[in-house]
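Below, chain A partners chain B and then partners chain C, in two separate complexes.
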Partner chain A sequence: MTVTIDVPPSQPAEVVRPEGDPGGADTLAEALHTASGRYEEFSDETARIQWIGGWYGDAADAYREATAEAGEEHAAMARTVERVGRAVTAYADTLRDLLRTYEEQVDRKEALDARRSALIADINAATEATPDVVAALRERATELRDDYAELVTDHDDLQRRVREAEDLLRQSFQAGTSLDRALADDGGVPQSAQDALSRRGAPGSEATPEQVHDWWLGLSEAEREAVVSSYPELIGSADGLPASVRDDANRVVLDDDLATLGSKRDDGTLSPTEERVLANAEQARQALEDADAFEDPITGERPGGLLHLYDPGAFDGDGRVAIGVGDLDTADDVAIFTPGITTTMDDTTSYTGQMINLYEATRYNGDGSSVATLFWLGYDAPDAFYDPATATEGRAEDGGRRLADMVDGLRASRPDDPAHLTAIGHSYGSTTTSYAAGDFDLAADDVVLIGSPGAGPADHADDFSVGADNVYVGRDSRDIVAVLGDEGWVGKGPVGLGTDPSSDDFGATRFEAEDVDRADIRNWGDAHSSYLHHDSESLYNIGLIVDGHGDRVNVAEHSYDPWYDFARDPEWDREPSSGVQGESRTRENRMVP
Partner chain B sequence: MRAVRERLVALVLALTTTGVLVTGCGDPKVSAEQGAQDTESSRAQVEEAMREVADVVAGVGLRLGKLTGGWSVCTAEPPSMEYDAGGGGEPGELSPAEMIAQVTDALKTAGWTVENAGTEPRPYGVLTRDDLRASVGESRRYPGHVTVGVVGPCIDTAREQDALLGETYDVS
Partner chain C sequence: MSTFGAEYSGLSYGSGNWRVLAELMTSTSRDLAGQGTGALAPSVQAAAEAFLTAWSGYADESSTIAIGFADAIDAQAVDYSTTDEGSGNRFTDLDGRLGPAR
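Our next item is the complex of A and B:
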């Protein structure tokens, strides 16, 4: 008896490699950014030479008019070339993704072909075609056919994305080819991007984060690529969009800044303002490189960095930035850290390093859940202790509103998969976080205040949106800033920024946070800045909270205030530890197997 | 407004007396040159100690594989970092807990002081010598392996030392 088993053909006949070289596209983008910088330099120069002392009359007026016009045209040209350069940067990133997909499909096809050959060999070798043997061979053939079909579908999708990416780049070039178009406000912006941005729910239209999220879901893949490359600043700061999308957009702007301002630095034409923006951009680049290189302590995999917010010229050059370690779109546990006064983008690398510490500690002592940590400098932190803004709490209130908005955006970006979210505030950032949780309904699960000079508007942990049971406080007994909060009337006047959250009256859970190298006296150095130091009690306990196990922190006694004397801190005399399992061990020793 | 002014004056007075305003909270404490010199010196000290520790633990049968090191952030403002190095290996016929106890004893004999040791929730030992801290424990990433590490003190740095973060060094 003859038995027929249909072995599917090998499909697709060939996995077609996307044409092009991402490195070449990067080089072109850099050249365009440099050209944009040159146009900008020309425009700056026309502004400088418009007025020539002692020259008046019709000829002088005509000269000024001509130089002004030339300056405006060159500024417009700079913006258009910059937009086209960003489109090329985005194309290079897309091409890298497409090439990775291509390599995966090549591997899949090789594996399927190997299975096919094995199946044919087994069919030919079958001497006794019992019903069971035939059924098993047919099942393998059916599975193989299904897997080939899936590969064909994916391959078609890859080729479609290749065409769309090329088409988008072509549109960007064409949108700036004629002089009129190049000088227009939307020079270099493809029509598809303009159309997408005019739809309801688009960022920048007063839409809520939920509406922005729905708008994004309604775009085609090609439209998404178009808006990311054409409006990267807008997309990069849009609450409600996936963090990976914001990251793509912000990296486009970062690459632009590094290239454009870098070329101006080479030419010696950087203004002091631009110099600061470039320094901020370089901090962001370094921080991202560190985050991208970091390896998870348990799996050894690289969770990657995210540029969640990037605005290096904001707040008079202090900058706005948010750098994530891990995947904010999928992590089970997300921590958002808000720093305090004097923090600017100049500190981005150090704080990202602390976010790496926090990620590591959370995973090392964790329950296996995935983690992402975010350094968020999205508000204008006061410049110094003597900055009047420090005492008025206005910046904390404004920052609290911004923090709550950002968290709303994160929540809206993953409505069906909410993370366990912890908001951590340090120093003045703890007051900012207190405003977010006290006045702006912060959508976090847990709040951690460390080195806090006061809880802002909250007199009691119950005033926070997360409820008193989910408010945690870390205070080193030697931290001079953390004893500024109002904890009694003896010894100091109205110094701090609200109630001391470590006090028994406040009602939060205080955890052990003494530094093993603490000094004999209160100080603002290590005692105030070591809360995220590896192998510290503080980092150990914060890691547990971020992991969703606040009930397992090592609890410290509250400070308290006898009516007849200064406030007391029971932690003053306790012997702290470092590197002790279950108390203060937060990382794995290095090991290469 | 008066309350705000009083609060500001009190804050400034309090912080002036503690020195906060003298240098500024977040400014680097050292120059770029000093930071480079101090980090290089600390790294050399830790690596030398780590190699000594590797020799000591080899004496009790724990052969560490490749030794590596790297920097991590202590404080962001003012910036400071610490260098740590380490390695790990299989404990042979001993259990990880038995090997950890033996390594702790061997390091004590070699001049380290046991600061903490125990078995809960996982076996470990923490030892100190001068301003260095050594630790021994069982790997979570490679279960059954015992790891040993040495970490140096926090070193004040300037922004120029930010580039050290993310680097991995071969200590062998």
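Our next item is the complex of A and C:
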């Protein structure tokens, strides 16, 4: 009896490699960014030499008129070549992704071909074709056919994405080539991107985060690529879009800044303002490299960094930035950290390091859920202790609104898969977080205030959107900033920024947060800045809260104010620990048994 | 025009800056012309080459514009200087004295 087993052919015949070289494309993008910087310099310089000292009369008037015209046109040229440069940067990034997918498909095909060869060998070797043997061989053939079919589908998808990426870049070049297009307001922007942005719900049209999310879902993959490469600043700050999309867009702008301003520095044409922007960009780049290189302590894999917000020229050069560790789009537990006074983009690498600590601690003591942590400097933090803005709550109120909006955006980007979300505020950032939760309906699950000078508008934890049971407070008894808030029936006058949230009247859960190296007196050194240090009580407890287990924190007694004396802190005399399991260990620590 | 005037140092400063811009744009033109497109997919290369060729030309034109401004300012300075010198001679030739000394 003859038995037929239908072995599928090897498919696709060839996994076609996407053409092009990302590194070479980056080089071309850099050249275009350099050209953009020079056109910009041309425009800026014409503004400077439009008025030549001591020269007046008809000739001088005519000169100024001609100069102004040249300046405007060169500014338009700078914007167009910048857009095309960004399109090339985005193409290089996309090409890298496509090449990774290609390599994966090559590996898959090799594995499938090996299975196919083994199947053929087993068929040829079968001397006794019992029904069971035949059924097993047929089942293997069927599975192989299905897997080949899946590979063919994925390969078709890869080739489609390759064509779309190439089409988009070609259209970008064409949209900026003729002089008319080069001088146009939308020079270098392909029609597909313009069409996509004109649809209802697009960012920048005062759409809600939910509408922006729906707008994004309605775009084709090609349109998505087009708007990311053509409008990266807009997409990079659009609440409601997936964090990975914002990251792609912001990295395009970051690369642009580094290349354009870097070449202006080489040309010696960098202004003081641009110098600050470049320094901020370099901070962001370093922080991203740190986040990208970080390895999860449990899996050993790299969860990756995210540039969630990037606006290096904002707030008079202090900059706005948000850098994440982990995948904000999928993480089970998300923590958003808001820093306090004196924080600028100069501090980005330092705070990103603390976000890595928080991620690590949460995973180390966690229940296995996935985690993402985000350093969010989306508001204008006061510049110094003596900055008049520090003594008022205006910046905190504005920041609270911005924080609540950003969280709304995160929520809208994951409507069917909400994360457990913890908002953490430090120092003045705790007052900012209090405004978000007290006045702007912060859509978090838990709130953590550390080193807090006061809870802003909230007199009681019940005033927060998350409810009193989900408000946690960490205060080192030596932290001088954290005793500024009002406490007891007398209060402390205008020095604080609302009620002390660690006091018994406030009604939050206070957790242990003493620094093992604490001094004998109150200070704003380590006592105020070590809440996210490894192997500290504070980081241990915050990690548990971020992981969704606030009920397991090591509770500390509240401070209280006896009517006859100053406020008392029961934590003052407690001996703190460091690196002790169940109290303060936050990572594998070879120094501690 | 009821008033006019110029300071030579100001005109010279302006002219010098225009010439620096001209050099910058010449360099830009050269950089763009020298860029290869081989790193891009073949389907994109023609568009990229057209773009780079056009923009190399635009940068050249910007350089020409900047030189034009510099030359015009320099010419203006020469005109002022020549006119002022000529006018000076006219006044030098005038004899404003009275009596026998005239």
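Just so it is clear, the second predicted complex is superposed on the first by the 583 of 593 C-alpha atoms of A that agree within 3 Å, B and C clash if a C-alpha of one lies under 4 Å from a C-alpha of the other, contacts with A are read in each partner's own complex, and residues count from 1 in each chain.
Definition applied: contacts are C-beta pairs under 8 Å (C-beta built on N, C-alpha and C of every residue); 3 or more make two chains touch, one makes a residue touch a chain.
Since we're looking at a predicted model, the values are computed, not measured.
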Combined model on chain A where chain B meets chain C, clash or fit: fit
Write the angle, vertex at the C-alpha centre of chain A, between the C-alpha centres of chain B and chain C, to the nearest 10 degrees. 110
I'd like to know which partner A:Asp267 touches here: chain B for first, chain C for second, both or neither. second
Does the superposition put A:Asp347 against chain B (first), chain C (second), both, or neither? first
With the two complexes superposed on chain A, say which partner A:Asn541 touches: chain B (first), chain C (second), both, or neither. neither
Kindly classify A:Gly23 by the partners it touches after superposition: chain B alone (first), chain C alone (second), both, or neither? second
Who does A:Ile49 touch here: chain B (first), chain C (second), both, or neither? second
Once chain A of both complexes is superposed, is A:Phe173 in touch with chain B (first), chain C (second), both, or neither? second
Just the number, please: smallest Cα separation between chain B and chain C in the overlaid arrangement, in Å. 31
In their shared complex, chain A is touched by residues of chain C numbered 1, 3-7, 9-11, 13-14, 17-18, 20-21, 24-25, 27-28, 31-32, 35-44, 47-48, 50-51, 54-55, 58-59, 62, 65-66, 69, 72-73, 76
List of chain A residues in touch with chain B within their complex: 283, 286, 289-290, 293-294, 297-300, 339, 341-343, 346-347, 349-351, 353-354, 356-357, 364, 384-386, 388, 390-392, 480, 484, 492-496, 517, 522-526, 528-530, 532-535, 577-582, 585, 588-593
In their complex, what parts of chain B are in touch with chain A? 3-4, 6-8, 10-12, 14-15, 18-21, 24-27, 65-70, 72-79, 81-82, 84-88, 115-116, 118, 120-124, 126, 133, 135-137, 139-142, 145, 147-149, 151, 153-154, 159, 162-163, 165-166
Would you tell me which residues of chain A are touching chain C in their complex? 18-25, 27-28, 31, 34-35, 38-39, 41-42, 45-46, 48-49, 52-60, 63, 66-67, 70, 74, 77, 81, 84, 91, 162, 166-167, 169-170, 173-174, 176-179, 182, 267, 269
